Amino acid sequence: MDRNSVNWYGSITAVVTPFYKDGEIDINSYTQNVELCLEAGVHGIVVTGCTGEAWALTDREKLLLAKRTVEVVRKRVPVISGTTSISPSDVIALSKECIKAGVDGIMVSAPYDCLPSQDEIYEHFKLISDELKFPMLVYNIPSRLGVNLSVQLMDRLAELESVVAIKQSSKDYMDVFNTIKTVSDRLRVIVGYSSNRGLPCMALGADGFTSTSDLQVLGKPAVELYNAYAEGDMVRARVLQELCFKTASAVSAAGTFPASLKSAMNLVGRPGGYPRRPLLPVAGAKLEKLASDLAALNLKVSL
Amino acid sequence: MDRNSVNWYGSITAVVTPFYKDGEIDINSYTQNVELCLEAGVHGIVVTGCTGEAWALTDREKLLLAKRTVEVVRKRVPVISGTTSISPSDVIALSKECIKAGVDGIMVSAPYDCLPSQDEIYEHFKLISDELKFPMLVYNIPSRLGVNLSVQLMDRLAELESVVAIKQSSKDYMDVFNTIKTVSDRLRVIVGYSSNRGLPCMALGADGFTSTSDLQVLGKPAVELYNAYAEGDMVRARVLQELCFKTASAVSAAGTFPASLKSAMNLVGRPGGYPRRPLLPVAGAKLEKLASDLAALNLKVSL
Amino acid sequence: MDRNSVNWYGSITAVVTPFYKDGEIDINSYTQNVELCLEAGVHGIVVTGCTGEAWALTDREKLLLAKRTVEVVRKRVPVISGTTSISPSDVIALSKECIKAGVDGIMVSAPYDCLPSQDEIYEHFKLISDELKFPMLVYNIPSRLGVNLSVQLMDRLAELESVVAIKQSSKDYMDVFNTIKTVSDRLRVIVGYSSNRGLPCMALGADGFTSTSDLQVLGKPAVELYNAYAEGDMVRARVLQELCFKTASAVSAAGTFPASLKSAMNLVGRPGGYPRRPLLPVAGAKLEKLASDLAALNLKVSL
Amino acid sequence: MDRNSVNWYGSITAVVTPFYKDGEIDINSYTQNVELCLEAGVHGIVVTGCTGEAWALTDREKLLLAKRTVEVVRKRVPVISGTTSISPSDVIALSKECIKAGVDGIMVSAPYDCLPSQDEIYEHFKLISDELKFPMLVYNIPSRLGVNLSVQLMDRLAELESVVAIKQSSKDYMDVFNTIKTVSDRLRVIVGYSSNRGLPCMALGADGFTSTSDLQVLGKPAVELYNAYAEGDMVRARVLQELCFKTASAVSAAGTFPASLKSAMNLVGRPGGYPRRPLLPVAGAKLEKLASDLAALNLKVSL
């Protein structure tokens, strides 16, 4: 593999997986959403990440979504496929299928639930890296998985052949700061939570950020946050940062992510669909509040 | 179901799942370990909990282990089978199989990875409770799963037909204190981390505790901690508490639980076996330190 | 000094400092409150601790209160005088005055605001210990002072000549557990927050606990919590633990400690008086709620 | 007072208070350090803040330092005088003296040690504001004082007549983010920890930052961090941010702040002097490590 060909940057979207009410995947809505993201100008697409409710999908379903995304995107931007699992052999097996299906990269988090040590996590990624030799985005999200990749560990992971990028979604500011400082000479650094950190992390030298709630509700402005910064227009970037933050805050106040994001998408006429259990759609007073919060941002809302 | 027939209390063991080096279940070692626990006098056995590396097992394997445990235990003590999954329908399907296999109760944690709200967790348990109508132990372990059952939620769960007991492994002391105060009129309260909380939580009115590292390394003394308290012998209880703590501390300093527990069991001649990836057996200097720590507790150790 | 003559144990009260509305010390109310504590059967009295609003008192006032307490108590129980300051020379100067005034011990916390290292804290206590050679209670309350005495440091402090006891008010359960385990062979261990930890910490081997809200509102039952445990009557101890907890919870829900304690004392006809600024007395709806919470505990309340 | 005349921004230094070995203030070294800061181009000077070991100074000493600073600075940049105390009347008394001495503003933190409620803090600042009617910088530093000014409270404080600026040194990123968003329309927002947050917070719209370790060790580059950003030179700003971070990290690894800052200043030939007890100068292996860390940054170091 050629590390230098990997050019992941900018506003990268992790897309939702719209389900029908009965829990089946609504592949048409999925396709439509991917197309809307491309129209907004995103610089990359992540399939079956947390935003895609990866925890509720079988491997067969993850592969199906990867395939469809590759078909829709047609190489216009990189497609990165989430293949996280607790067992490294499960990660490898699914990743190989996704690679065959034509994705540009795979995204892998630390194994969850088992609270592995930093060394065990390293061995996990090393096994996967050695087996795949394919561009990999390592994804750190300790608030969800209960396990953190330390900056020291990232520094070691940066030496693995397949590891070309890191998505840092730690909520600890110093971890984010140190990640950018420590590995951005060797890895693409994409930060999570664009709606509150997009601009400051670009200032610190990140390559991009993942846009989820803001992008899939607002469309273009979430991408423009990146472009405004890249063009040196800090005043406009701050205005867009504020808009993205208000949007994401409205979504997150309404319920559990990404169920609340799906409800918000539905409210503004985008194809969010239903979540799978145990998550539940936003309803009642919370839905009304969400609708009025979005309307206050000049979005066209229909309940 | 008859809630009053449920008599879960005392020193309850969550058993390990010994694997061969290649990752296959070593069912003979498993059987032998269950028998050793019974000989030690445990008051109940939990199958395929965290200690059993539930995250690394398929549903088929979990059922196999439940069946074997039922056969070995022959109703001498309650057998409680872990059937946690993110999707409530998966929990229900596996639980039904385990119930058919003859277990006395099922143990279910909050759905992980998806960070559900307290209401979504309630609906998750309600769906399962309504469907099963079978004694259920609700298991709270926020440090591992990243999701906490608040005491207010436990109070609501206590009203569900199938919920007869709670296993509280929160590391927040006030949560443990308030759980005992709030639901012990309706639920059996079993606390986690016997090695540091066994005695004080019994003093506060808990019904029992789960013994893991201490019991499966020490055997009888971990059960005697309960018995000493029950007999009002606080001086002896304190000595045993100290022994259990030193044992569990040695295990936990050596590596990731329960891989380190398995290594400790092997050192003292008990059937621990290997962990599954991503966990790794304790090795090298850490194994030597573990051996000397255990030897310092007058355990017969062979490296 | 003779370490063996120090016999600090049981239910020890940290007394409030009643002020008039204009901020002056109300020495008659103070005296009356000390007498009420003695009538309740307390095993010791702490003057000018946090409960006494030490932060709002001048050294002259602290000495005045120490003197009065010595006069009132007349050696019936030990009187321990809080002399904490940031500068060790200030601690030494005030302590010498209090010793001259006849107190039985002094209580000193880590220096606050300056975030000292563990070594700097050790040197602070060593300087004081060497200079005074008088029984000292080291007081750890990290949630208030922002600095924690680690258990390793306590182990070192236990070797200092003057250090005879530790008051552990860390909210971290494992710190409390390890403190009792580690230093109770050499030091008297008194735990804070009797209302939620009194009973379990006695079970673990503590020598006593500080009773503040519970004792100065309830009187005798807060002392009986200790006595019931000491007599082996766990059922009665649990009932008293519950009563103490409900009392302290009502007080702490009403406002900032100890202003809320003073308001509660006033409500039940005890001499609480006013707090000094920046603390404010409980008022309005919160005072009504406090009154009804206390009435619900069968206390005679007059608004 | 005229709020509009207040123009606090840029790189503002909180200066150390050099002491002789015996603890007396070394006023010549103090003067020399203030002059060095002015030469470096700082946009403002804070006297008797945390960096100045305010906790170890009497009111008389604080006033002396304020007076000297006013004399040295001669209106070239604003001089802001720290007058924090637990009692609002103490704050008012000292502030009035400092105002008479000619300072341009006063800096006041929340009252410490007494864990006041948000309402009590508001009343504290209101009393001071009403009494002084003089430009006030409200200083939030929860990691040191154990009390946090919530963003909601800052929003209320922004309405007080004397409150013209906030210094936000919370370590919680979202608090910093929300502070800038919420009050920068009415208050000057100065962020703490320039060495890791200077650049990103400027990007978010802060007015400036306090430079402590970096400025008083490096001199000019810590001010240039601000200037580079202001001129839109992000590449140079990032290089300077990195230099400031490495400097501050070396200082903070060596010991307790600001004792370690003073030792670092002494190493590079600046007038740091000694700290007061309980803080101790850096010594031994830690001093050697500090020297080599600073030398690695191309600073001329003599042990």
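Which chain is which? They are A, B, C and D, in the order written, and residues in each are numbered from 1.
Operating definition for what follows: contacts are C-beta pairs under 8 Å (C-beta built on N, C-alpha and C of every residue); 3 or more make two chains touch, one makes a residue touch a chain.
Treat the numbers as computed from the prediction; the structure is a model and nothing was measured.
Path length between chain B and chain C in the touching-chain graph (shortest route): 1. Separating the centre of chain A from that of chain C, both taken as means of CA atoms, is a distance of 51 Å.
As a whole-number value, the distance joining the C-alpha centres of chain A and chain B reads 35 Å. Counting partner chains per residue, chain A shows two or more touched chains at no residue at all. Chain-to-chain contact here is organised cyclically: the chains close a single ring, every chain touching exactly two others.
A complete list of chain pairs in contact reads A-B, A-D, B-C, C-D.
Across the complex, chain B is touched by residues 50, 53, 55-56, 86-89, 111-117, 119-121, 123-124, 127, 143-146, 255-257, 276-280 of chain A. Contact residues on chain A toward chain D in their complex (touch as defined above): 171, 173-174, 177, 181, 196-197, 199-205, 232, 234, 237-238, 241-242, 245.
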